[in-house]
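Below: a set of structures, written as structure tokens.
The two complexes that follow have chain A in common; it is paired with chain B in the first and with chain C in the second.
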Partner chain A sequence: MTEDVKTTELRGLNTAWVERGDSKKPILLFLHGYPDSPETWGHQLEYFSHRYHVVAPFVRGAGPSEPAKDLARYGRESISLDILQLLAQVDPSGKKPMVVFGHDLGAVHAWNLAPLLGDRLKGLVVLNGLSLAAMSGRLRSLAQHRRSWYIYALQIPWVPENLIGLFPEGFLDFAHRLGGLPAKARLRLGQVENCLVHPLNQYRAFVREIPAARRQKLARLKAPLMVLWGKEDPFLVTPSAKEWQEAAQNTTIRILPAGHWVHRERPDEVNRLIERFLEKVGLEPLKEKAA
Partner chain B sequence: MSVLNRTLSVIPSIPGLHWLSPAAPSLPSRETLAGYLDAQRLARSAAHEVASLVRPGWTEKQAASLLDTYLYDCGVRSFFHKSFAWFGDRTRFRGISKVTQFAPSPRVLRESEVFILDVAPILKGFICDIGYSSCAGENLEFQKAQTVLAEIRDAIPSLFCEGATGKTICDSVDGLIQSAGYDAVHHLYPFSVLGHRVHQGVSEQGSFSLLGFGWQSYWEFLSRGLLGQLLNQDYRGKLDGLWAIEPHLGAKDFGIKFEEILVVERGQARWLAGPME
Partner chain C sequence: MIPTLYDDLSLEKQAATQQAKAWDIDTQIPWDRGVDSSKFFLPLDADALVFPGLGAAQRRTLSQYLGLVINATIAEMEGVIDLLRRPAWEDMLQKHSANPELWALGESFFAEEKKHSVAFNRFIEVFCQVEGVKLASLRRLLPQGRGSSLLAAIRMNAEAGGFAFWWLVAGVEEVSVQIYQMMHKHEKALDPLYFAVHRMHLEEEARHRSYAFLMLELAQEIPSTLKEKLIRKTDLILAQTMTAAWVLQQLSRVRVAKELRDEHPFFQELSSCLPALSKVPLWKVFHNLFTSAPYIGFVLNVRHQKQTLRYAQKFGVWRVPMPVPQMGALFTEVSG
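Right, the complex of A and B next:
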């Protein structure tokens, strides 16, 4: 994937993304979570890059995306601005239709980004992830609190980054085991190089943003929403249909027998469901005319 | 002169305040101008970049919040005022009758509508205030108004000649706007200002703001008596120094403005930078 990595400077910091496919085709934007890199979408990037323009940013501090000194740079607004500026580079016309995919923390960014894309957003696909508003609402539930223990652990200053920095392989293995990801579907340490330490600051930034997120009244998403959810996720309680219907006007929910990394655990099934969703939202790339 | 104006005009004579807020030198040094220029360049890059991202469906609050985020990411920690964004008919201040209504609202931008971004960071102690108008799509009326605004920009420096007063300058700008068939919307700003002074050596400690304006703006203006800081019909003092000038013209359904720093030295005025610099 290294050869597909592009970089640019955004507000003083180098920012990287993976880009494949024909730049004239509609955009599929894949946002990764933590601890991950665009490699987490490997099966999807490979499958869809022949027919779409696939773009997968490295979140702030991950891999070649330069880390920031200021915590605010890991917050929702700043990361949304990163992605919008990056999209302006990959699509200078600003008019290409797109579908946005978010997994884990990538879903937080996808939800924040969605209203800023206007009518070029043709659909949103969320995989085992929530908006910050939904997450803050859920923290009233004891069951979700129990599953979110790691968010609190990551608030401790200095210790988590240093422990993860010392034992990156052990940490990655621990996260994958906990998330129920079978060994053959896991990313290797080299595939998430430099993606484990700095991006954890997103959790710190989000916790500070929760009071504002609670006050924020999110407009109901107009574009169709598809939720793909591994029901054995140990980090997030499976949402109810009502929870999603309040967030979007047109929702499709697929609960799959998988853990937190549903797109890696069941890639063929997930790709098929995505394909059907793309057809539903009218984002089929134009078929080549027969010669 | 109203009771409020009379009361405010007493402020500069309060003992000790000149020591706390010394008057800016009327002839700024090259280093001083470079400081203002850096602040103005940053503010302009924020406005141009966010304006290029704005699209129908955004709210004023979203645009203003992303402007503040952009500036914060670039090192700004305090503001003369937090970013303002006005969309559609609010660009000509329709429906705005109270000071609180200038704040970014949930108003949604629609296709072809005009919008204004107004950005005022404090960078390394230099206050800057810029305004930028743009449009979400094709709009011939907007293009026409922009041409008129560019002509007014060209004409403004010559209005700050020896002997000019607030009244002569404001009347001339109003005349240019009205003769082109538009309304002078800047009369709807608090104190009907066409512009205001900008300051340097401003504290960047603390981000407390009231009605969108940082505590620094209240301090810098009030401690100098407010009235001498505002360019409007009543201004009678010296014109030397730096001003943020913000003519705002109104068409039937929208308004547009620009705002940038004007340098006035001994009856000669020039814009701190070119229109695109």
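Right, the complex of A and C next:
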């Protein structure tokens, strides 16, 4: 994947992304979570790059994306601004239709970005992830608190990054094991190089943003939403249909027998479901040709 | 073979098949041929359930009455299913995310159940028209589900997060198929319209019977509190006991025939069967109903419901112990 990595300076910091496929085709934007890199979308990037223009940024501080000193640069708004500027690079016309995918923390960014894309956004696909508003709505859920223990652990200053820096392989293995990801589907340390330490600041930034997120009244997403959810996720309680319907006008929920990394655990099924969704939202390239 | 909850392709195919093969109540059932009252509706066992020693005409009347009771039971049960649609289905799927196929199959399921209820009630009306029996009088002898304690208990259970409703449905679905299997062997001796209604019913039941088991499968997937776990452990017991209480209560309506005997020969013939019942000790009546009585026994004794029993064992839910069924041969005028 390294040959597809591009970099540019965005808002004063070097930012990297993976880009493949025909730049004239509609964009599929893939946003990764933590501890991950765009490699997490490997099966999807490979499968869809033949028919779409696929773009997968490294989140702030991950891999070649330069870390920031200011914690606010890891927050939702700042990362959305980074992604908007990145989109301006890959689609200077600013008119290409796109579908945004978000897994884990990538889902937080996807939800935040969605209203900023206007009519270009043809669909949102969320995989085992929530918006910050939805997550903050769960503050009264004991079951969610129990599953979110690591978020509290990552708030401790200095210690987590140093421990992870000392034992990156052990940490990655621990996270994958906990998330129920089978060994053969796991990313190796080399595939998430320099992606484990700085991006954990997102958790710190998000916790600071929670009060604002709770007050924020989000408009219901107009573009169709597909939720792909591994039901054995140990980090997130499976949301109810009602929870999704409040967030979007047109929701398709797909529960799959998988853990947190549903797209790596069941790539063929996930790709098939995404393909159908793209067809549903009118982003199927063959249809475009026929038209 | 029941597909798994997450096998979207198989479930989608099933939903499409159900939709494509759904029958039309007006055009596909030969209502205009009326009812042949010289024929049995259902074959009976040697003891005629709990009415031993009946003559040929009495056996035929009892068979017709039992046939009407079965129709009314299925109509009532399937009508009740519609009343419980929101708490037992919609709310469950809203509360716990479910795949689109489960929603689509559920929509078909409820639409079909409603249609079956209408078809069975329509047969009862045709019978009354052909025979000149007052519908309101006949209704006094037939089961009523609305306003029953069964309905109230199942609703309360669903509202508390229980799945007793789906155990009840699973049982009723299985029994409907068994009833048709019993009838099939005696087709020529049975009223053709009665047979046709049950054959059409069987077709759709066979196609959608897996739905209740899918919902029960979903129940196992839902993370639950200790209270909910306990409720789900006892769901089948609740379904069993409330159904048994309801069925036995509804069967006792046969005694109303005595009051109506001067109104129509059908009631007169039926009331003439009642002395045979009073000769049987009460314990034997109950014993027969749970062990040897066809149709009624299928509902009362979960051991007749092989698939329901298999799922109960698979999910480790508790159930009321039942005696081993001892069903004998069934007869009609022609074969008996």
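Just so it is clear, the second predicted complex is superposed on the first by the 285 of 291 C-alpha atoms of A that agree within 3 Å, B and C clash if a C-alpha of one lies under 4 Å from a C-alpha of the other, contacts with A are read in each partner's own complex, and residues count from 1 in each chain.
Note that a contact is a pair of C-beta atoms (placed from the backbone, for glycine too) under 8 Å apart; a residue touches a chain by one contact, two chains touch by 3 or more.
Remember, predicted model here, so these are calculated numbers, not experimental data.
In the superposition on chain A, contact of A:K231 is made with chain C only, not with chain B. In the overlay built on the shared chain, the residue A:Q85 is in contact with chain B alone; chain C does not reach it.
In the superposed model, A:A143 lies in contact with chain C only, and not with chain B. With both structures placed on the common chain, the touch criterion links A:E9 to neither chain B nor chain C. In the superposition on chain A, contact is made by A:T252 with chain C only, not with chain B.
Of all residues in chain A, those touching chain B in their complex are 11-12, 70, 72-73, 75, 77-78, 80-81, 84-85, 88, 94, 115-120. On the side of chain C, the complex with chain A involves touching residues 6, 8, 93-100, 221, 223. Within the complex formed with chain A, the residues of chain B that make contact are 49, 52-53, 55-58, 62, 65-66, 69-70, 72-74.
In the complex of the two chains, the chain A residues touching chain C come out as 143, 227, 229, 231, 237-242, 244, 252-257, 273.
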